[in-house]
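Across the two complexes that follow, chain A remains constant while its partner is chain B and subsequently chain C.
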Partner chain A sequence: MAETTVSDRMATRPVGHADTLGARMTALRHGMSPWWFRYQAYPIFRVLWISFTDYQYLSSEPAHFVGFNNYAAALNDPLMWSSLWRATMFTIMFLPGTIILPLLLAILVDKVSNPRLATLYRVVLLIPAVIPSTLVFVLWKWMYNYQVGPINHLLVDVFGLFTLQNAPQWLGGTSLTLPAIAVMEVWWGLGYHTIFFLAGLAAIPKDLPEAARIDGASEWSIFWHITRPALAPIMMILVVLRFGTAMAVIDEYLIFGGFNRDSPTYTWTMFMYDQAFKLGLWRQGFAAAIGMIGAIAMMIVMIILIRIFRPKG
Partner chain B sequence: MTIRKEEEYKLQQNLARLLQQGSIDRREFLMRSMVAGLGLAGIGAAAKNGIGSARAQDRPLTPTFYQWIIDLHPSIPKVNEKFPGINYQIAPVEGFGIERFVAEAKKKESTWDVYVGQTPFVEMSAMKAADVIEPWDNYIPKEVIDDMIPSIRAENTIDGKLYGWPFFLDVIGNAWHSGLTTKAGLPDKAPVTWDEHLANAKKVVASGAAPFGATFDSHGWRSLAPMTHSMSTAVYTKEGLFDFTSDAAVEALKLMKQIMAVSHPDILLEGASDAGVNGTPDEVAFAAERVAYYHKYFNAPLRMAQNWDDPKLLHMGPLPKFANGEGSTVFWTTGCALFKHGKNKEKAAEYIKALTYDPQIWQDSIAGTKAAHPGQLPPYKSIYAAWEAKKPDWMLDFVPLVRAQLDKAKAITNHIFGLQQFVIGKPVWETYLKGEEADPKAALQKVVDAVQAEIARGKQ
Partner chain C sequence: MTIALETIHQSSAGTKPAPGWFRENRSAIVRHGVINFFMLIILAPLVWVLMMSIKSRSDAMRSDFWPRRFDFTHYRYVFDKIDTFPINLLNSIYVTSGTVLITTVCAVLAGYALVHMKPKGGGLVVATLLISLYFPVRVVSTSGLILPYVTLNLAISVLIMRSVFQLVPHEVVEAAKVDGAGPWRTLWEIVLPMARNGLVVIFIVNFVTAWGEFLLCSTLTNDQIVRTMPVVLAGAQGGLGQWSWPALAAVYVLVVTPGIIAFTFAQKLFFKGLAEGVVKG
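Entry: the complex of A and B
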């Protein structure tokens, strides 16, 4: 039986069918456009516009166009740079754990030959991912509590490594706060990210590594030349997506750090929120400029990351 | 046919009820009537049930409460029962956010009539600036205004108008774990001066009665301000900001550092909830019975002592003072704001009066319930006078102490930066507390600079 291609099938359809489908798609596109504009584009352009004004949310005075004043003020503010740097520091702590650990774990789980055991591993890994964020935060706040948390209890009372006077202060704006939050985030997303890599591993034809083994390739060589290139698209998606979320974290900082400007959790997102919803008459024009600067900085890094991690060949 | 008429009648009644409750408006009512095929029958039902009254009110009295108030004061629903049809709600103000109120006011509307949860120095100036609230003066009975303790009335007033109807009073005072102080060989009485407080705290640590002698909440409005007031209340600038460089503030900061030497090392860390403002390390230390002396608003030690083996070991007294100080403290009330674009304003005043004078709420607050023991007190002179005339059997000793302090206590002046000046300043004055800056006055001057810079930012 001769194979038919899509174009063949299209050619055999009545002319009117394609026209109707095309017309429907055009109508759908037209219908979608206003929705897309309102839902996606309008908020971005609105914030962009606000960033060029002196808009203060609590003020009844009309906003005035101030050109690039807000951008200049933000770029000249040391807090803008220090807060961007803090977000970058968190991303540097968080991103490797989000890629390397799940990748290793996925490779290990993928090697489990007993299907029941493999399923059990997958389910256990996914448990943290399905816990609501509120519960995760409550759990880790207790874990990290200086005085009554189980981590310090182990360090002070069980192992005697510290005393009540010098035990680690994990949360609340110390130098340990960002690593502590990064550990929590890695734990939380471990199963979720591992599943991504497991899906990628499942797509690699099993005969490829087997043939390589027969040819005498080492496990590392198999990983480097077969597994890694096959997982590259997934790795790129994870790196870019998680870079974006790590740079833009705010909930965790609000909960674990508060509005203390000296805290490492006072990042550009906190600076923006503080200006937009807390301080004075809520300088949302200035806050929008902070947001735009942060977003542009992130986009530049994302482009670089895409170029680095995009699948070669 | 009969069954259909019965169904129509039920639908009519249901729609009329929703209209009267304010759950739907008249347009929605008519539309639903038409859709249900009721047509003129529906309108007839409305006429029979009084569409006129629905037009006058448009909705039932709709108060909205900050969640914690409901959690700590379980008698509030009983007051609500006296107001049939009341549409009682929880406010979307997590973390003291008022953005929803402001967004509605910009559209000249309000989902609610009255907000129960406003703290004057925290958000009253902002709510006024954004045209969210209006004064109570036209609605509150004169006898209620006259009954307010003068300092509380002043706290809720801006430009001569009453923008807040006070409800729950919090005063910064001192508390101690009498089990730990007794173990340390200390007398079971409140330290009168800071020197005595500090000496006692040192003795607690030295005796091994507890690992830590004293604690406080490091947020400025709960520590720096009341400790400053204990020396002097003349510490506000002409524009209404806290004078961080006043001698009293400098002495207070030095005192904080001295107390820190006998306190838990995490004392300066942010808290675990409400953006670091609540669930603070001092609360954990006091709840864990690891510290003997604790100054904060009274509901904090009361709540924390509920975790002790014997909560009766909690004793409370006034804030200590400097030897040559005024002996004042800081108080604030959490009260009620009247939405400018709300409805039912007279009814709202009637409701708030009933709420704030309700004897069961005050008994529960002072004596505690299974749910909570907030220890918050009423804002009215007459209530204290009645208790003084005939002391209820559930009355606790700290109440008259607090009442006595109120004659000297002062609220933090209302200003758009009333709260934020302390948030901005905290990391700056902590450079002195952490030993990074040797001169307390220099550290506090930097606080003034930081606050002024932030204010100037808004004027650019």
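Entry: the complex of A and C
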């Protein structure tokens, strides 16, 4: 969506002025479209072009235009559909938890009146957010570890739900891997999203819920009629952003899943990565088509999500 | 910390056994209970790693939370015995500080230009952006990692700085100009101190991304000696020998602590900046 508005602006700009630095700076100040275009849109158009060619990385032959061949090949590949479906499954497991739990927690923390406690809670909440992604993955790889991991230790030795023989195998592309990654992602985003909601809650005037309470409104109806509409914009941003990241996850699958095509972690992003960098054929035209199909599918769902969560009125 | 808070609740409940006190504060007790439960979930994995790093090797395989014998030598061991460790750590520090420095300078300049500046100094901004744009992404050395990382972070950093600078009124900048301050002096002495909170935010955001970046570093480098510490850590298999579990955990604690300490000290400014730059922007 952003690309179209940018290219529209580019098209309507007077051509003669475009090359002078002054005009460029004016445009930059008024919406930084040229910079934005080069920085964000150029790679997208580049991939779009590659997806219509038989471009191969490190190949001495020049790329040929092949029309929609790559798209036809991708759409006819059952792996394209199953890998998109796997990404959708992950999003369904991850998205509700990562929105609802922080919302609940933010409402509770917002009511803490002791300033020192409130600060302490906020600092603890943001600790996972200052741990870099790789280190979060390493940490949870240990949590789920078969031998020394505390999760299996709790399940086997403390609660006795499993024995060492049938203890769950979380990682490595089993059916438990996607839920395990979803739990990790919810843990990681819990504090950060809570802080977002807290910022939204702080913007609600305190006398509004007070007045409603005096008038005899229940806590639930205060939440539904005052808190929920006030948080709607933040909710929309989080849902749309996290939908996008959840559908396009790749690092986690690379680390926890591996390149087994039957693994539930082999999603369309892995498929693309595999085709482009791993398999040795470097069919980057085909990989680009996979990427474009995935991106278009995501964009359609995003538009629907924005329509659903758009603040009313 | 959380456990201490819970005992405070219990002890204050114990000194005042009147049932009325409990009933009056029931919602507060339940609320703090639920919050502390979540805090415990957030902290538990980190506490587990900390405990792991001070266990003896035999206790590490037993996986009880509280070890039978403590062993604090793992921290010295990783510096002495794992030969690439100091180099990897230096790589991390080098790449991260390079990235944070370049990104912050670019973001401040671009954000300031976008909001307050006349076209005069703008060429520098455009040039810096363009230079970072056309660098090839294929790298073989540690220094080569810095520019791709800058690229990753720059867009979001400029956007944050832009919305932070928008909070500085135009009149302030105009007044400085009338008083004869050039654009550099205005930025350095007047606008930047007002934008301190936003600066802390992009500092921390960039630090976290660069310190832990995995995909680019593992794809673009192919020698252990040029990799950053987190990537080496992700590739290390736990077990016996050099990478025993406690040694791995010790490396983990060493790598993760600087970020947490820096954040804890800067948290006041960070939260203000977050509210100014991210939420309103």
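In this section, the second predicted complex is superposed on the first by the 275 of 313 C-alpha atoms of A that agree within 3 Å, B and C clash if a C-alpha of one lies under 4 Å from a C-alpha of the other, contacts with A are read in each partner's own complex, and residues count from 1 in each chain.
In the analysis below, contacts are C-beta pairs under 8 Å (C-beta built on N, C-alpha and C of every residue); 3 or more make two chains touch, one makes a residue touch a chain.
A quick note: this is a predicted structure, and the numbers were derived from the prediction, not measured.
K.L.:
Chain B or chain C: which reaches more residues on chain A?
P.N.:
C
K.L.:
With both complexes overlaid on chain A, does A:143 touch chain B (first), chain C (second), both or neither?
P.N.:
After superposition on chain A, A:143 lies in contact with chain C alone.
K.L.:
Once chain A of both complexes is superposed, is A:277 in touch with chain B (first), chain C (second), both, or neither?
P.N.:
A:277: touches chain B and chain C.
K.L.:
Which partner chains sit in contact with A:297 here, chain B, chain C, both or neither? Use first/second/both/neither.
P.N.:
neither
K.L.:
If we overlay the two complexes on their shared chain A, which of chain B and chain C does A:222 touch? Say first, second, both or neither.
P.N.:
Touch partners of A:222: none, neither chain B nor chain C.
K.L.:
Quick one: classify A:165 as touching chain B (first), chain C (second), both or neither.
P.N.:
Once the two structures are laid over each other on A, A:165 reaches chain B alone.
K.L.:
With both complexes superposed on chain A, which partner does A:124 reach: first (chain B), second (chain C), both or neither?
P.N.:
second
K.L.:
Could you say whether A:212 touches chain B, chain C, both of them, or neither, answering first, second, both or neither?
P.N.:
So A:212 meets neither chain B nor chain C here.
K.L.:
Quick check on the superposed pair: does A:254 touch chain B, chain C, both, or neither? Answer first, second, both or neither.
P.N.:
Both partners, chain B and chain C.
K.L.:
Going by the contact definition given at the top, which residues of chain A touch chain B in one complex and chain C in the other?
P.N.:
Overlap of chain B and chain C footprints on chain A: residues 145, 147-148, 254-255, 277.
K.L.:
Please output the residues of chain C touching chain A within their complex, sorted ascending.
P.N.:
Its residues touching chain A are 1-2, 5, 31-32, 34-35, 38-39, 41-46, 48-49, 52, 60-61, 63-65, 113-115, 117, 119, 122-123, 125-126, 129-130, 133, 154-155, 204, 208-209, 211-215, 219, 230-231, 233-234, 238, 245, 249, 252, 255-256, 259-260, 262-264, 267, 270-271, 274-275, 279.
K.L.:
In their complex, what parts of chain A are in touch with chain B?
P.N.:
My answer: residues 54, 56-60, 69, 73, 141, 145-148, 164-167, 169, 171-174, 254-263, 277-281, 283, 286.
K.L.:
Using the touch definition up top, name the residues of chain A that touch chain C in the complex.
P.N.:
Going through chain A, the ones touching chain C are 21-22, 24-26, 28-29, 32, 35, 38-40, 101, 105, 108-109, 111-112, 117, 119-140, 142-143, 145, 147-150, 153, 157, 187, 190-191, 195-196, 199-200, 202, 234, 250-251, 254-255, 277.
K.L.:
Once bound in the complex, which stretches of chain B touch chain A?
P.N.:
On the chain B side, the touching residues are 95, 97, 99, 102, 126, 129-131, 211, 264-266, 269-273, 275-277, 279, 281, 284-285, 288, 290, 416-417, 420, 423-424, 426-427, 430, 454-455, 457-458, 460.
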